[in-house]
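Shared between the two complexes below is chain A, which pairs with chain B and chain C, respectively.
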Partner chain A sequence: MTDMITTLTARPSRMQAFVKSMKRNAFGTPLDAAITIIVFSVLAYWAWLLVDWAVLRAVWRAEDVGDCTEEAGACWSVIAGRHRLILFGLYPFEQHWRSTLACLAIILTVIFSCFPQAWSGKRLTLLWGVGFAAYYLLMEGSLLGLQQVTTDQWGGLALTLFLFASVVLLGMPMGLGLALMRRSDMPVVRGFATLIIDFIRSLPLLTTLFTAAVVVPILLPSWLEGDKIWRVIIAFALFFACYQAEVFRGGFQAIPSGQFEAGKALGLSYWSILGRIVLPQVFRHALPSTINMVVVTFKETAIVIIIGFFDILASAKAAFGTGEWAPHYLEVYVFVGAIYWVFIFSLGQYGEYLKGRMSIAAR
Partner chain B sequence: MATAMELRTRAKRRKLIIQGALIVLSVIVVLGAIQSARVNLAALGITSGFGFLERGTGWDYSFSLIPKSINDPYSKTLFIGFLNMMFVGFISIILSTIFGFLFGTARDASNIALKTAASVYVQIFRNIPLILQLIFLYSVLIHFPGPRQAMSIADAVFLSNRGVMIPGLNVPPSVALGLLIASLLLVAVLILLKTPLMRGLLYWLGGTVFGCIAAALIFAPAGESIFSIPALAGLRFRGGITVPIELAAMIVSIVLYGSAYIAEVVRGGLNQVPRGLTEAGQALGLTPRYIWSRIKLPMALRSIIPPLVNQWIFIMKATTIGVAIGFSDLFMLVSTSITQSGQTLELIAILMLAFLLVNFAIAQFGNWLNARMKLKAH
Partner chain C sequence: MLTKATVVSMAAAAIAMLPGAVLAESPTVKEIQERGTMLCSGHNGSYFGFVEVNDKNEWKGLDIDICRALTTAILGDPEKAQIVPLSWAQRFPALQSGDVDIIIKATGWTMGRDTELGLQFSLPYFFGGTQFMAHGELGITDATGLEGGTICVEAGTTIERISANYMSTIGVEHTIVSYESAAELRAAYLANRCDAFAGWGPNLAVLRATEIDNPDAHIILSDKLSSEPIAAAMRQGDEDFVDVVNWMLAALLIAEEEGVTKANVAEMAATPPNPRVARLLGVEPGMGERLGLRETWAREMIAAMGNFGEIYDRNLGKDSAYNLDRGLNNLWSHGGVLYAPILD
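Coming up: the complex of A and B.
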């Protein structure tokens, strides 16, 4: 009797649960079993081909480039030999430690913003402000008493990260501003924001950036023109802001209007209601979509190669552009693709995790 | 102490001032832009206006669906760009939607192998910038062997650095274009007649295949087969349809990327169908196929369509990256026209107008689709 009770009440061990779910989800019917076996063998075969090419038969050291024959696998010598060009572009060679530190500053800023302890308007502003300032001071150099390096010499991953950070930093307040304007009770202000948001959102990013790079100089008097890179960054930030405004709008819609009214009844001003009651909640609601927007922005920075910036894609092209490395374009693109993938995949997974956690909290 | 009345008037006045200031500011910015445009264009010696559209271009580009020459006026060149953009856009939208639904359904399947395979696919292609995928694929394609050493699949499809050669119908191009239009018309008619989805697909497929065979029987040159199969003749291929590598790279990379995104949309929609509904189906003894087609999919479609339409618009916009590999879409032809003619403002206006129109049309179609899908009882 006791035996029976223990068998009835004992929870299945992990192993048993796994076996059971495998039985049901992988080998439930003969058809399922056939699909499982075929699909997994194909996947395993591909994975083997990849490992064989990228690891087992690969050539690693720059000096061994002679071993890169048809029979050999990946020729990582090209990365060993040219990674500095890919990562830092045309930045002066002996100053590369500055680019390294600057890139680290941006990456750390992004990582730190993922911790809940950083999630208040003030702290995030401070964090991104400091991270960006550190980047700029290190890269530009003249303020720290280092050799001055102008923006036209920035390149590679460093330039991609610079574009990304400045777009997010400028675009976030712009997006909040547009979202507030769109909710305004003044018809002209509301109409103005709606027009801009809808207009920018129906154009491809490339068109917006191209306009900023090529058309805006015609429309501005020459003393207002500024650097091409800053025009493009501002246009990119505007693009980001228009999408982010819609994200914030979703956050605003989740706040019941009673909260605004309660604040008014207490005699609080518009800005204190907004800053102390509404916005903190809006940010929380909008967080997963905001992370998604940030990830998309990082991915979209790759497009600046078309309007002539020396970003990581352009420097990758330059890395195998010279005769010696020309046959190894594949390895270079795989390397750059892997860099993008790691950044985007990990941030995206973090966003998913947060979304899941918040939907549990909301229940 | 101000009375409530006074406070209200004050607030009203403040709002009027803010709005007035915004209007004045916008007018100043616009007038200033016009003024400096005039100064800058005069300095460059460019006469503004759309007269240049009638001038010949004098330069060549890679791809066109209709016959082109370097003496075409700008208007025709831009129109070809628009056609190319619509062509790539529509093919990519249709293929991405089909593959997206396949992979999305696989991610929702109970079979663990299907789920894993679809997840790997989505995570790889969604997390790498589209332009990198495009340039990567293009570099792989241009390193393919030349036509004489072309890789062949069953001696009917050939891959070489000149393009992908596939068998086609043995009919003149004008008939082929007519067939394409007839096939699209058939879709429109089926939608207007409100044919159910699966039956509609069947009718469309049957009608198109029948139309192709009939056209080939009538128009194929006497004594030749109705199919035209590519074959090596000297240094190049004869017969069949040659898909230039730029076009192949565009379509393949946009479809890989777009379908990964659509798969996520579809999975999200399927996830939102309450479990109780599928369980009710099981309790009624419906087969899994029936549960999927009669319960899950119709329920999920309602939440799938709005984000799906956004993805369609995204794919349309994504065609602009063709310029990175020299595919002559609208953006590339506009930017070349700008460098060649200097008519920057007019050309950018045309580009923007084209995108606004196309995206507006897709959005309208989406709204209409959404309205049709809505639950009618509520």
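Coming up: the complex of A and C.
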């Protein structure tokens, strides 16, 4: 360990290394230098245009919307005036403190479960149980004696986060279960898992969700219908699980069968072999694709707009969908894009951190 | 001696005679009254002037106000309307599955919907046609001037078909460019990538009024490619509900004809200027009983929402950001095509 640190500090500093590589690669020959200068000036010009539009000439306050003319830059007034609609959709206006707290509960749960200290089955279950219950009780309200807000009024970022968290949370164990079933020695179990996985993967997500939201209530008796949001979450989670099962299967295939046999020879039970030997390695192998799946799922939640849910993209459309704010759709999209970017970039960075951590463990 | 059955039937008769507890004949209305809320269609976003969300996260718009008027007619309180957000594709299945009681969502009355989809429509409450908008500098007034030009449309809409059909009828050579979303279409048109753009009349006018800094730089061509009657859609098989919706719309129009407004409705009810108003406002009986509603439903509805003209002006017309002309959507007596059936 000390060796590693000394070698690290012995290297030239980052800045020196950067200057050196620039000298060598970017300004090596006069042609290189010319290309570098041209490319960088174009980039700098673009950056200037962006800053000029988004900051210097921008209009910030909702009351100043009259100043948003052709000459002005970004009209952030639309965000100032409509951000509560974008973030919380149709949730009753006076109750927004509840959806704010509920969003925080979910975000904190995600952050806490990212720390290695939380990585035990018991702690994760407890954490997510509490986080999820807090979200649901706050949003729905009737159990806490607050005004009841039914799920069809949930919306905006609050709904997107809820959909994402519940889909991943339900889909991950389902995916693992399907992957295990697909590796089973029993032909019926194996065949069933294969059928489910291949069937659902052959359907577009949109069809699956449309069926769950719109067709199921026509077919089922009303007492069996349940809430629309839960039907959609279950369908979405099943879809996620089928893809995730294949990701896990890849992880399983990377593990030599000798390990199983060695485990059996030592007299370990199936679950011990799985839990103590195989799964930790499977998770490591499957991690990059899993992060990918999670990121894709976060973005795909936007598809629920088609079945009439007021997710963040739908509420963004509603935000610029009135005469007053109609010209400023670009600013609204930039704002929503920034929100997506923050979440997805953090997920990606966390994935990188995990990979780094696990490769140290593998050494 | 009173048997149990007589007591029950007497009680039922007594309830039926109480004001505000009239038993509706329509199963849908009965269901709405038992539930205590009316389920109307909203939109997954905003649809200019018809279904929008205001700064307080509340629904507004022409279609929303008509739903609230209907809710007041049936339940006596506009706040009892529950708006369910629906996408365009989802609205008819949602009606059939009972997710909503009625679709009031800029929906055109077509034969396919009326027959194959098992729907029935109310009287049309709005007329909107397909028209072209072109850059003013082209100096044209009708579609013949678009010879050899480029027309932008939204992909996959009826407008795409209507426009192609119309242009081949009048024999004008042109290129059609489709765009996936309305925002993209607008941007393309404003960037001069097309000479004209085909759209639903109210949308074009709304765009001209809001998005474009200099409205005079654009002209809506005189050609009327189609005119769609917009009506409320209901499930087939409940004629009494259709009656309620039709007379709700009729009452809004009659109120406008007779000059009954949100502001003067109480006064008008106290001293009705003529027998028609007296009947409309429930001073003379007949309005409520025949529909299975309260006698004063129309009075309460106008007190809450105003007459049709007030609803239009508030959402699309002179009191809105769009300032859209009444045009066809005026009363027959003012050059429009809206008329109410006869109140006898």
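Assume the second predicted complex is superposed on the first by the 322 of 363 C-alpha atoms of A that agree within 3 Å, B and C clash if a C-alpha of one lies under 4 Å from a C-alpha of the other, contacts with A are read in each partner's own complex, and residues count from 1 in each chain.
Criterion: contacts are C-beta pairs under 8 Å (C-beta built on N, C-alpha and C of every residue); 3 or more make two chains touch, one makes a residue touch a chain.
Just so we're clear, the structure is a prediction, and the values are computed from it rather than from any experiment.
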item	value
Three-chain arrangement built on chain A, chain B and chain C clash or fit	clash
Touched partner set for A:T69, first chain B, second chain C, both or neither	second
Greater chain A contact set [chain C / chain B]	B
Which of chain B and chain C A:V215 touches, first, second, both or neither	both
Partner chain(s) touched by A:Y329 [first = chain B, second = chain C, both, neither]	both
Touched partner set for A:I305, first chain B, second chain C, both or neither	both
Touched partner set for A:H285, first chain B, second chain C, both or neither	neither
First (chain B), second (chain C), both or neither touched by A:R98	neither
Touching partner for A:R182 - first (chain B), second (chain C), both, neither	neither
First (chain B), second (chain C), both or neither touched by A:G321	second
Which of chain B and chain C A:N25 touches, first, second, both or neither	first
Stretch of chain C, among 25-33, 43-51 or 187-195, that runs into chain B once the two complexes are superposed	187-195
Chain C-contacting residues of chain A that also contact chain B	210, 214-215, 217-218, 222, 305-306, 317, 329
Contact footprint of chain A on chain C as seen in their complex	43-49, 52-59, 82, 84-87, 89-90, 93-94, 96-99, 183, 206-207, 209-211, 213, 320-322
Chain B-touching residues of chain A, taken from the complex the two chains share	22, 24-26, 28, 32, 35-40, 43, 185-189, 192, 199, 202-207, 210-211, 214-215, 217-222, 299-300, 302-303, 305-306, 313, 317, 329-330, 333, 336-337, 340-341, 344-345, 348
Chain A-facing residues of chain B, complex	15, 18-19, 22-23, 26, 32-33, 36-37, 39-41, 110-114, 116-117, 120, 123-124, 127-133, 135-136, 139-140, 143, 313, 317-318, 320-321, 323-324, 331, 335, 338, 344-345, 348, 351-352, 355-356, 359-360
Residue numbers on chain A that touch chain C, as the complex places them	69-70, 81-82, 84-85, 88-93, 152, 210, 213-215, 217-218, 222, 228, 305-310, 314-315, 317-324, 326-327, 329
